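These are the structures, in structure tokens.
Next come two complexes built around chain A: one with chain B, the other with chain C.
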Partner chain A sequence: MHSFLSRANTLFAFTITVLAVLTTGVFVSTFFEEYRGTVSIGAVRPIVKHMTDFSANRKKNDLGVLQLTLDMDLNPLFDWNVKQLFLYLVAEYVTPANTLNQVVLWDKIVRRGEEARLSFHEIATKYYFWDDGEHLRSNNVTLSLNWNIISNAGRLMHVRANGSTSFVFPDQYITSRTASPKPSGQQ
Partner chain B sequence: MIDIEWPFATHMDFRGQKMAERLFQVIIVFFGLIGFLVGYMMQQFSMTIYSVLFGVLVSAFLTIPPWPIYRNNPVEWQKPIDSKKDANGNKNNSSNKSTPKDTRKAKPKKDQ
Partner chain C sequence: MHWSRKLISRLLRYAIVISTLLMLWKSLILATNCSQPILVVLSGGYSFHNLGDLLFVTNYPADSIRAGDVVVFRIEGRFIPIVHRVIRVHEREDGYVKFLTKGDGNSVDDRGLYSVGQLWLEREQIVGKVKGYFPYLGLFIILLSNLPLLDRLLLRVVT
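Coming up: the complex of A and B.
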């Protein structure tokens, strides 16, 4: 401590230690938080098409097409340890081929400070709803919204929101090409 | 440790160094605690960080420059001994005045 640099060095090291302790305090203060919430999901006009899946095995698989109506308020989830949320909408269903199928149809990143009251009316799904096979007709599908909490200091948690809905696909294929809008793809 | 020869004096006494170190530790911990509480109230971790950084600024201003309060207890050096009084000098050396052992560079006392 007998020169500028020596004192500055000691001060800096002590500051870093204090910041580390405070960050641990933030982690401990939100350790038991569960980050639950309720959303409303609506599946609009689901149809099934039978097409060649060029991105997979070139066989003809079932393609589900639907529009989504979503409504959610995420403000209660942002406490001081949450940096951003990764939302994703999952469609789950059962087929004779697989006990559980899960397909992500839509996702979004919501950062702290951005608009957290989201409302979408009949938007197209972001990703294609391909089935691994041809079992979508008359299938009961459950749509649920999940979020992944990205913290300042802490665990990465996946939480399923309350308010999932189910719908049933029709039992006939749509063969007309003008019937449905295409999914919007990745943004 | 990088050693730079500043054109001005940068030393502090040992007692001054102890005061300075205790002072910045207290200041930074104090601002850290205030920042933690404010951040928890507002649910904004950035407030905590800003509070600590403000504390660092205050501490840096108060403890890094060698203010005169840190030079109130200068090290007392013994008087230099002539080579003629060598025999007496050895006996006198064993009874030291209250000078702490300085194992770093021995700077002579500067007139201020």
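Coming up: the complex of A and C.
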């Protein structure tokens, strides 16, 4: 009745129960939080190239190239239930072939405790901006920054920040190979 | 009481527990419209999924899948589902939509994981969107799942 094992068992079961209740409490306490914020985004020198996409269908598709200027203060978003933020910048546009296109151009993981006031000046996009087709010229593209709240326990929320911006690609392809820097990231 | 009556009574009690659990699981599948509403993370490869975490997944048709969503998908002929993030969406006027996914920690997209010649994910291959998350609870389930019957009834595991 009072053996070491039975005591250990009771203690263990109680600990697990307390942890579960605390975790549920953490989840419930931030259930209605909206995590909104405002950022400033700038699209710098957008151009369009027409190249063979070897990572996809090996046909010639449009490749958009631009630099990004981002400014954001994410400190207000971190509460006790936010473990990390997954930031991602989405380019959204319409083409005659597809009524909705979304391409993630840049992303970043910000953990709690890391520097949350971020400022990037004319950085290259992290991922290639391939279109599924050849319709980027003269296209009006909207850039918006979103964050995925990754909590200790609870909902996986996606929030779009206020402060999206739009730009228009030029109506001519760039054919010179030295016209713009290559994006970093995937091959 | 005769020994056979006791035995039958005991078996019926077990059967009631098991069938209740099974019905709860099936109801959850119906409520979330998803074939795998709860997943247990088996590997710590992904950016925020640690061993033993529980993921809650739903698959409502009206809840469209957009860039940035974390989805569970299964490739043709593969048993184990993958949990990655959508990085590209292209939707046509007729409603046909295709996706490209990538794991957060990876530098390349998932095309190497898809079937040979497959460049995009289609809606049917997506099991659902990850909506919520409970840490470590799955460790207990993983222990439980070592009993073969419970493993099939309760949960699937994900890499």
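Going forward, the second predicted complex is superposed on the first by the 184 of 187 C-alpha atoms of A that agree within 3 Å, B and C clash if a C-alpha of one lies under 4 Å from a C-alpha of the other, contacts with A are read in each partner's own complex, and residues count from 1 in each chain.
Simple rule for what comes next: a contact is a pair of C-beta atoms (placed from the backbone, for glycine too) under 8 Å apart; a residue touches a chain by one contact, two chains touch by 3 or more.
In this text, all values refer to a predicted model and were calculated from it rather than measured experimentally.
Undergrad: In the superposed model on chain A, is it clash or fit for chain B and chain C?
TA: Here the two partners, once superposed via chain A, fit next to each other without clashing.
Undergrad: Of the two partner chains, chain B (first) and chain C (second), which one does A:29 touch, if any: first, second, both, or neither?
TA: After superposing on A, A:29 lies in contact with chain B but is clear of chain C.
Undergrad: Check whether A:154 is in contact with chain B, with chain C, with both or with neither, and answer first, second, both or neither.
TA: After superposition on chain A, A:154 lies in contact with chain C alone.
Undergrad: Using C-alpha centres only, what angle sits at chain A with arms pointing to chain B and chain C? Round to the nearest 10 degrees.
TA: So the C-alpha centres give an angle of 50 degrees.
Undergrad: Once the structures are superposed on A, label A:57 by its partner contacts, choosing first (chain B), second (chain C), both or neither.
TA: In the superposition, A:57 touches chain C alone.
Undergrad: Of the partners chain B and chain C, which touch A:146 in the superposed model: first, second, both, neither?
TA: A:146 contacts chain C only, not chain B.
Undergrad: Going by the contact rule set out at the top, does A:88 touch chain B (first), chain C (second), both, or neither?
TA: It touches chain C, and chain B stays clear.
Undergrad: Considering only touches as defined above, state whether A:100 meets chain B (first), chain C (second), both or neither.
TA: second
Undergrad: Any idea whether chain B or chain C touches more of chain A?
TA: Touching more residues of chain A than the other partner does is C.
Undergrad: Should A:18 be classified as contacting the first partner (chain B), the second (chain C), both, or neither?
TA: Only chain B is touched by A:18; chain C is not.
Undergrad: Output check: A:6 vs chain B and chain C. Expected answer is one of first, second, both, neither. What do you get?
TA: first
Undergrad: After the two structures are laid over each other on chain A, how near do the C-alpha atoms of chain B and chain C get, in Å?
TA: 13
Undergrad: Same chain A residues contacting chain B and chain C, which ones?
TA: Shared contact residues on chain A: 152.
Undergrad: What part of chain C is in contact with chain A in the complex they form?
TA: Residues of chain C touching chain A: 47-48, 66-70, 85, 87-93, 97-98, 104, 107-109, 111, 119, 130-135, 137, 140.
Undergrad: What does chain B use to touch chain A in their complex?
TA: Its residues touching chain A are 1-4, 6, 10-12, 17, 20-21, 24-25, 28-29, 32, 35-36, 39-40, 42-45, 48-49, 52, 56, 59-60, 63-64, 104.
Undergrad: Quick check: in the complex, which residue numbers of chain A touch chain C?
TA: 16, 20, 23, 27, 55-57, 83-84, 86, 88, 90, 92, 97-104, 107, 109, 127, 132, 146, 148, 150-156, 158, 185-187
Undergrad: Residues of chain A touching chain B in their complex?
TA: Of all residues in chain A, those touching chain B are 1-8, 10-11, 14-15, 18-19, 21-22, 25-26, 29, 78-81, 152.
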